[in-house]
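Heads up, the next two complexes both have chain A, just with different partners, chain B and then chain C.
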Partner chain A sequence: MSHPMVEVRDLRVTFRSEEGPIYAVDGVDLDLAPGETLALLGESGCGKSVTMKSLMRLHPAHKTRIEGSIRIAGEDVLAMNAGALSRLRGKTVAMVFQEPMLAFDPVFTIGEQICEAVRRHEGCSGADARARALEMLERVQIPSARKRLDAYPHEMSGGMRQRAMIALALSCQPKVLLADEPTTALDATVQIQVLLLLKELQREMGMSMIFVTHDVGVAIEVADRTAVMYAGRVIEQGPIDSVMRAPWHPYTQGLLAATVHPGMDRRQALNAIPGSPPQLTRRIPECAFAPRCTLASASCHDPLPPARMDGDRLLRCIQPASAR
Partner chain B sequence: MNTPTPSAPLLQVLDLKKHFPAGRDFFGRPRQWVRAVEGVSFDVHRGRTLGIVGESGCGKSTTARLLMHLIEPDEGRIRIRGQAFGHGVGRHPLTALRKHMQMVFQDSYASLNPRLTIEDSIAFGPQIHGVAANAARALARDLLDRVGLKPDVFIRRYPHELSGGQRQRVNIARALAIRPEIVILDEAVSALDKSVQAQVLNLLAELKREFDLTYLFISHDLNVVQYVSDEVMVMYLGQVVESGPVAELYSRPLHPYTRALLESVPAQTPGERRQHAVLEGDPPNPIAPPAGCRFHPRCPHAEPVCAQQVPALRRVTGQQVAACHRLQPDSGYSRVITFEELPA
Partner chain C sequence: MFAFIFKRILYAIPIALAVAAVCFSLVHLAPGDPLTAVIPADAPAEVVAAIKQAYGMDRPLVVQFGAWVQRALQGDLGLSVATGRPVMGDIALALGNTLLLAVAAAVIGFGGGIVLGTLAAFFNGRWIDKLATAIAITGVSVPHYWLGLVLVIVFSVQLDWLPSMGAGADGSGEWRWDWAHLQYLVLPAVTMCFIPMGIVTRTVRATVAEILNAEFVSALRARGLGALAITRHVAKNAAPTVLSVMGLQFGYLLGGSILVETVFSWPGTGFLLNTAIFQRDIPLLQGIILVLAMFFVALNLLVDVVQTLLDPRIKRS
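Right after this comes the complex of A and B.
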């Protein structure tokens, strides 16, 4: 692998809350190569969105503790001051959120919001920024783009708003795009359009992308590699086809078995994973999945050793991969 | 029609219609109408599951609410076992209707009263229907146990103390407390994580057998609908465009919209990745739906006739019905095709 675009080491994110600390992310390592797409896959509360927001330091500083190291394009994100951070956001890393209606400012037009980002980062004139904004709206295939520049977010449909959000995110040609469930709120026929658009733009612009999703099918559509998260940790990582073909971690196996596939025999019950994910109000030194795991043995309740690499796959489980 | 024949459907829905006013002028008259549900008819037989699919704004949830009379239909009739239900029928039309039909909603939290304990929430319905308070509470305990929640642990809890999956189990228990024959599941598992969703789907299958239930399963998740349904009905902008037995509909969809919907489901393996999107653009607004076939502006096969005439829902083969000019020989469509010519 060439020099990684994103390098996360032992990331720990703890939130302060009225009920005490929440250990949302507990020792995450991630690497993202230039031009690569990584799907961060997991269920609600597993820490996937928290990890993403940490990459841009979007968490409120006064109630968040971030430990470990995050390097993006060679720069140490956790050491950055406010000025360096605002240069990073939008220019080096940009983010697309699940709900564009909340991510856009409702009182400014789409065009104004894209122009603001372009002028801020590129220091160009208003006319040049508007030309760039128009070009971006055309690239994300918004029909009658010139007219849409002067539209307010509420005047657009969900699919068009998400395209506009992508146009905004890509307007300063970031090296890394973080996409946090960008198609979850969209209808099926629109979701596939946006997924294909993202992939196409990524290829054209040579970006790296981290794509957060809970949907296995969406991960398969977009990703080169996947990292599966559970209770604040990455428990399995590897090329998407090999992880999907032969998942190693009992949680990944359970998640795939519990997902309804086309053509399943309906007389057969689904292989649901019993129980539910743990509360992260205490630090869990052992394997957090052990209470729900059918393969768990006594040693699974000892502190969890670091992840092991096996070829291009990574596994965080004391049972050896060869045992599967 | 008061004595049902053995083959009569349990639930018959006839020409259901609902238009909502959108914006009002100075005199309080509606400026426009959202044609949310436009003439929906279907039958469901006892013990079957009818899956209803479609994208947002297609009217599937409005249809569910109209059936329950949570919203008053403008037109249309509902018959259960051949007997009419709804407003104007009997002295307590809604009580009678809801004795037969209950509903589970998508938002498990919003559909429970935050000030009632789980026990009170479940026991409330039976008491309205004349069950004594003690018996209703006993029933609540039994049902909680049946949906996989230990009564001693959960009975005194409030909704906010439960996880999403647990709350949805409570909602299912509450729906069953009145011993309905029909349960409408409106995106009831959509908000749950996959591992929890599988548990609830298994539970729903068990309960269906045990209580001899008939389900209306409304969802945007085509994989889940395929797994749970016997029959499937596809809606687009307030109308039914296709319906039929699940295996036939999924293996050879008749309507171009059904086909597009099925081809938009993400791949199962990287080798099957989609290369292009079947449809362009978003579903149009139901405020001013396109004339003729409502799907024609997005349809790859549209001809002038599609913009002029509304296609009727007609039987194409076996139990499969579709509303598409392309499949109806006398429609005026130039290149009418037969079922056999449709690609599988």
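Right after this comes the complex of A and C.
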């Protein structure tokens, strides 16, 4: 593996709230090579989006504590001052949000918003920025792009809006694209189109991408590698094919058993994992999945040791392979 | 766009007519005959009838209303019962003074409110927010005629820094832009600015805080935009709500300054209205209320149009 584009080590994100601290992310390690796509997989509330926003330090500073280290394109993100941070955001790392209706400013046109970002980072003239905006809208295959430049977000369909969001995110040719469930809010037919478009643009522009999703099928479609999250931790990481073929962690096994996948028997019932994820209002030193795990033994309730590397795969579970 | 503005103006016409009807009938609904103030109680019946005829008050109310509106449209609001002068001239003079006072109070109040409200929203929950909220609540709650009296006691009587009455040393009511005249404006304007300041602070705080919590603001940060650019986005989103409140507040400043103008003997419409009420000067009373009400209608129209210009989600058809 060449020099990593994104390198996250022991990331911990704690939110201060009225009711006390929330340990949203508790020890996440991630690596992303240039041109690679990583699917961050997990259920709602497991810390996927929090991890993504932390990479750009988008959480309100006075309510959030971020520990560990984040390096993007060789730079230490947590050590950056406000100026360096704003040069990083949108230029080196860009984000596609889940709900484009909420992520666009409703009272500015799509064109104005793309131009604003381009001018911020490229320092070019208004006319050049507009030309770039038009080029980007054409690149994401928005029909009659010239007209759409002057459209407001509410005047477009959901799929169009997400394409425009992608155009905005890619307008300054970022090295890393963070896609936070970009297809979740879309119709099934539009989902696959947007997915294919993202993959194609990623290949053309040679970007790295972290793709957050709770949809195993989508993850298989886009990703080279996957990191599975549970209760604020990455519990398994590896090439997507081998993780999908042979999941090691009991949670990943449960997640796949609860998912419809190609080649499964239609009459077969889906197996839901019993119980529900833990509250993150206390720091959980032991394996957070142990209370729901069928393989759990007494030692699973001891503090969880660091992840084990095994070839190109990573695992955070103390049970021997024979038990799994 | 012009079609939209034209349509809005057309919509305002029936509203203006209805407002005129209310102004006209309010005065006639009040107890007492409009002419009792000027006619001695023992005047012979023929004289009363003659005066009534001269003022057109013997005709049915509907006819009187029609004639009044028709003349009002030509800028003729009749003659004052008390002074015999054309009502329109007195109102125009007073209106200039009231506008001056209202604009001064609005500049202080809206400016202060925007600054306080924005600070409160950005520092939501922290001491700046609590301070701004406390100022806003105090500003809205304190009766402004009482505040006016206190200011007079402190700054005119005890410190002798500022004059407490009138709009000019010579009492001519003629305004000039120099300190000799401006100093008369300070106390009434400060007195009047507190209510709009409190209301604007609270509106701006609530609106801006809601916008800052919206996901698009964090998306704007994710694009690498700086504080200034983000403030521009927040301002344009907050403007329609804040402007509509400010429009309404400006209307209240124009029409609701009776007590403050009376306290400071400021020769504006409120002061004139007070005089008209006590002298039972019906044409003057009607005229002032009508003019102030028309300002309100026009302000609402203006706010509507500006809101539509700022927020593309409001349909223009």
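Throughout what follows, the second predicted complex is superposed on the first by the 311 of 324 C-alpha atoms of A that agree within 3 Å, B and C clash if a C-alpha of one lies under 4 Å from a C-alpha of the other, contacts with A are read in each partner's own complex, and residues count from 1 in each chain.
The rule is simple: a contact is a pair of C-beta atoms (placed from the backbone, for glycine too) under 8 Å apart; a residue touches a chain by one contact, two chains touch by 3 or more.
Everything quoted here is computed from the prediction, not taken from an experiment.
**Student:** Do chain B and chain C fit side by side on chain A after the overlay, or clash?
**Tutor:** Result for chain B and chain C: fit.
**Student:** Could you tell me the angle at the CA centre of chain A between the CA centres of chain B and chain C, given to the nearest 10 degrees?
**Tutor:** 80
**Student:** Does the superposition put A:V107 against chain B (first), chain C (second), both, or neither?
**Tutor:** Once the two structures are laid over each other on A, A:V107 reaches chain C alone.
**Student:** Looking only at contacts as defined up top, I'd like to know whether chain B or chain C touches more of chain A.
**Tutor:** B
**Student:** With the two structures laid over each other on chain A, which partner does A:I70 touch: chain B (first), chain C (second), both, or neither?
**Tutor:** So A:I70 meets neither chain B nor chain C here.
**Student:** After the superposition on A, what does A:I273 contact: first (chain B), second (chain C), both or neither?
**Tutor:** first
**Student:** May I ask you to decide whether A:E221 touches chain B, chain C, both, or neither, giving the answer as first, second, both or neither?
**Tutor:** First partner only.
**Student:** Classify the contacts of A:L41 with the two partner chains as first (chain B alone), second (chain C alone), both, or neither.
**Tutor:** In the superposed model, A:L41 contacts neither chain B nor chain C.
**Student:** Give one of first, second, both or neither to describe whether A:G90 is in contact with chain B, with chain C, with both, or with none.
**Tutor:** second
**Student:** Shortest C-alpha to C-alpha distance from chain B to chain C once the two structures are superposed, in angstrom?
**Tutor:** Here the least C-alpha separation of chain B and chain C stands at 9 Å.
**Student:** Hey, what residues of chain A end up touching chain B and chain C alike?
**Tutor:** Looking at chain A, the two contact sets are disjoint.
**Student:** Taking the touch rule as given, give the residues of chain A at its contact with chain B in the complex, in rising order.
**Tutor:** 43-44, 143, 157-160, 187-193, 195-196, 214-218, 220-221, 240-241, 244-245, 254-255, 258-264, 266, 269-274, 276-277
**Student:** Would you tell me which residues of chain C are touching chain A in their complex?
**Tutor:** My answer: residues 214-216, 218-226, 229, 233, 236-237, 310-313.
**Student:** Which residues of chain A touch chain C once you look at their complex with the stated criterion?
**Tutor:** Against chain C, chain A makes touches at 53, 56, 58, 86-91, 94-95, 97, 99, 102-109, 116-117, 120-121, 152, 154, 168.
**Student:** Could you pull out which chain B residues touch chain A in their complex?
**Tutor:** Per the stated touch rule, the residues are 55-56, 163, 165, 193-199, 201-202, 205, 220-224, 226-228, 250, 260-261, 264-271, 273-274, 276-283, 285.
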